[in-house]
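Chain IDs A, B and C follow the sequence of writing; residue 1 opens each chain.
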Amino acid sequence: MNRHVDPRQALPQPDGIATGEVLLDVRNVSLRFGGVKAITDISFDIRKGEIRAIIGPNGAGKTSMLNVINGFYTPQEGSIVFRGKERKKIAPYEAAASGIARTFQNVALFKGMSTLDNIMAGRTLAMHRNFFWQLIYYGPALREEIANRRKVEEIIDFLEIQHIRKVPVGRLPYGLQKRVELGRALAAEPALLLLDEPMAGMNLEEKEDMSRFILDVNSQFGTTIALIEHDMGVVMDISDRVVVLDYGRKIGDGTPEEVKSSQEVIDAYLGVSH
Amino acid sequence: MFYREAGQFKTSYEADQQVFPILQDRIGVAIILGVAIFIVPFVANDFFLSAIAIPFLILALATIGLNVLTGYAGQLSLGTGGFMGVGAYACYKLTTLFPDVSIVVHILLSGFAAAAVGMVFGLPSLRIKGLYLAVTTLAAQFFLEWCFIRIPWLYNYNASGAIEVPGRQILGTMVTGASAGSVPRYFTVLAIVILLTVLVKNLLRGRIGRQWMMIRDMDIAAELMGVRPLYAKLSAFAVSSYLCGVAGAMFVFFYLGAAEPSAFSITLSFQILFMAILGGLGSLVGCFFGAAFIWALPIILRAGPPMIGIPIAAETAFHITSMIIGALIVTFLILEPHGLARLWQIGKEKLRVWPFPYA
Amino acid sequence: MLHQIFVDPFLQMADMPDFLLQVIWEGFVAGVLYALIALGFVLIFKASGVFNFAQGIMVVFAGLTLVGLHEAGVPAYLALALAISVMALLAIAVERFVMRPLVNQPDIILLMSTIGMTYFLIGLGEFVFGGEPKKMITRELGLPTGSTEIEIGEQGLVILQHIDIAAAVIAIIMVSALALFFNKTRIGRALRAVADDHQAAQSVGISLNQIWAIVWFAAGIVALATGIMWGARSDVSFALEIVALKALPVLILGGFTSIPGAIVGGLIIGIGEKIGEIYWGPLVGGGIESWLAYMIALIFLLFRPQGLFGERIIERV
């Protein structure tokens, strides 16, 4: 597990941004679909141990940005540096292997599988026994399965979802599905956790629960988190730094207070006549 | 009342992860196996073993093969018949090339030929999905059928173009060919089917089976969890085709005795697909239900009405079977898309809480 | 070896241009029929998102009904009218008993339900009309039967069957009629609305059930016409079903939702497989017609998964 660095306690720098080792660096990334520009020349970084929010109006390119980070889209220009390694093109499974996990805007659970199996699915990369051990399901394969089951049960305890362990996820209410999805991402023990609107469609109570889980993940496991969220109250409360996108461009970057007072950001959210 | 799991506590993950965690299930399976091994072969007549029990077991294995691919890995295949044919022809060639090696070894090896062919035709699944893939497997079906007709080497340049099963022994007993009795054939088939079913179950409950289901349920999320689509899909194609190949080899060697290329036509592919749908996609026990149902229905229709005094032409019975099966497929898809296996599960759940309606 | 594959066939083509033309014509006619099956398919796919595996069997079923009624003593044109009503009944039944209960199910379930329908229709057709192949009542319906020989160059000769020409003409008329129907009528507009967005169409008062029944009926009419044309070339029997499956590669080439795509795809497959069979088939022992279309489609898919006229697919998460 990574050593936890709390950026809130780091020394202020001349540019006003807290210090910490850079975990992920997005460098001048541009992404187009045919003639449509989804992302234009965006650069920002995510530091180890922080909670980094990505905000912006609908269609600002937030989800596309996450898709670029975990290799689902390949940007036409620019590159991503993760843990000191620069890459232009990466397959999603390679991104997962390098320590990036995520959740999705519309819950993307494996509907035909139980909660337990879904979270076990998150352990895919931690399991290595080959085909022939799997065939006999005894000895090393069984031991590996049980060792990973133990890890998964820890996550189930952490997220307080013991009672739905064996329920097919398709039958769960939305809020719980979101929680299982978080569990599945956590099971991979990622260095960087990407959360795409973890609180969309939740009521106040569920949002509070989810915020608590996110903060706990960050402080207990020391996991670096990047999240997209529309609820400004939540964003301002839990994130260390915020990057603001609009029409595929970056229009703000800094602490919640800085972003809140930026004229450009206010214009983007409230609308302004040009 | 008797089907209760109350009081059966699990104290280790190992105990919780066994195939039949409930005691009554274990007893039930033991009884079924006992009947299949110790009672059926000694009580049933030759017709029942040869025309019902043996093809039922073989087709159930083929259905498991298709279910691995379609039910678990979510890749629709219409080429099952072709893959079964590959197994049958491979086994035939193996018996001619190595006449001294045991037939069981040949049967189990011939599945690998089918697996190799299956993987080749599975390659497009990396780029194309869903309905488009159905066309790919149709290509496999028609291409393979063509090969069985046009490559004389496959049937040893026979004038008839068909493959004739040679007589082979296991432990001094004839198990294939014209002089083989139905009991030794039954035992050989039963042993192979049980062995492969257990192995497949192991795969399905471990990492590999989970990867297949991840690809089936949400392929993009699976990839972002670290599943490599190439390995996951091709392994599903390989395992599926292996099982179909073994089933195809057994179909010819232990049931048909001789086969022409038309034995592995698209009709067989559909028959297996129907078994999988009716039994329940994504269920192993369903494969046995589905195979039993679809295999037995025409036999019952042909034999049933004359018994109660209604004469029925063989052809009419055949047409009615086709209609009933077609209608049943649609009905099941509407009422219970998870097939007979799901009905079985619901029955068990009801039994658990009986005589109360809810737990 | 390479010479045999890459040079010889073309030399043969250049050697006998009239024969090449004849082959292309044969392929063209087969292609028109593939295109017609694919057309019925596209209609249904556009309006309901159902991959109708049963379109091929509907062709046979329609043809069989027509011939069977005539054999039973019904005059040809009355039999035609009755066959049309049978297709209408079938459309209503399919909508009521299959489509309506299965609305919003995954694609694969819908596809499998049409495979089930295929088996039901095979059983029903053979149960009612018997399983043996039947002759199409070409002359009784007033369709031409002769042939025209066209001389090309000094000794060249191309033979055109009149029925084939009629098939091409009828296909053109039918496609134009469908295009008019789609673009100029109130129901056509509703159809396009449903194709675009089911829920939005419902919200403005379009009845999905009615539209689906109409679409299945239209597909049934197309199937009947195809059945007549095809039956006139060979016999009406369920063996046609295997041939009808060729509509699937056609659709892959043309895209599932494009009517021009179905036509172009049908012609490419029809002509391509005839030329392949005649000029390259002998190299591997012939009979490659049974799978060549699928292989063409397969290779095509690897390079352009969305078809000739389909839109590029951008995956989202």
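Throughout what follows, a residue touches a chain if its C-beta (ideal position, glycine included) is under 8 Å from a C-beta of that chain, and two chains touch if they have at least 3 such contacts.
Everything numeric here is computed off the predicted structure, so don't read it as measured data.
Enquirer: Work out the mean Cα position per chain and let me know which chain is farthest from subunit C.
Expert: A
Enquirer: Based on Cα centres, what is the most central chain?
Expert: Of the chains present, the most centrally placed is B.
Enquirer: In angstrom, rounded to a whole number, how far apart do the mean CA points of subunit A and subunit C lie?
Expert: Each chain reduced to its C-alpha mean, subunit A and subunit C end up 49 Å apart.
Enquirer: How many Å are there between the centre of subunit A and the centre of subunit B, using C-alpha atoms for each centre?
Expert: A distance of 42 Å separates the two centres.
Enquirer: In whole angstrom, how far does the Cα centroid of subunit B sit from the Cα centroid of subunit C?
Expert: Taking the mean C-alpha position of each chain, the two centres sit 33 Å apart.
Enquirer: List, in ascending order, every residue of subunit B touching at least 2 other chains.
Expert: 220-221, 224
Enquirer: For subunit C, write out the residues touching at least two other chains, lowest number first.
Expert: 315, 317
Enquirer: Please output the residue numbers of subunit A that touch at least 2 other chains, ranges allowed.
Expert: Residue numbers touching two or more other chains: 72, 104, 108.
Enquirer: Would you pull the subunit C residues touching subunit B in the complex into a rising list?
Expert: The touching residues are 51, 97-98, 101-102, 105, 107-109, 111-113, 115-124, 126-127, 131, 242, 245, 248-249, 252, 256, 284-288, 290-291, 294-295, 297-298, 301-302, 305, 315, 317.
Enquirer: Tell me, which parts of subunit A touch subunit B in their complex?
Expert: Those residues of subunit A that touch subunit B are 70, 72, 91-93, 95-97, 101-102, 104, 108-113, 117, 120-122, 124-125, 127, 129, 131, 134-137, 141-142, 145-146, 149-150, 153, 184, 188.
Enquirer: Using the touch rule from the top, collect the residues of subunit B that touch subunit A in their complex.
Expert: Counting only subunit B, the residues touching subunit A are 12-14, 17, 199, 202-203, 205-208, 210-211, 213-214, 216-218, 220-229, 235, 282.
Enquirer: If you look only at subunit B, which of its residues touch subunit C in the complex?
Expert: 74, 76, 124, 127-128, 130-132, 134-136, 138-139, 142-143, 145-146, 149-150, 220-221, 224, 266, 270, 273-274, 277, 315-316, 319-330, 333-334, 337
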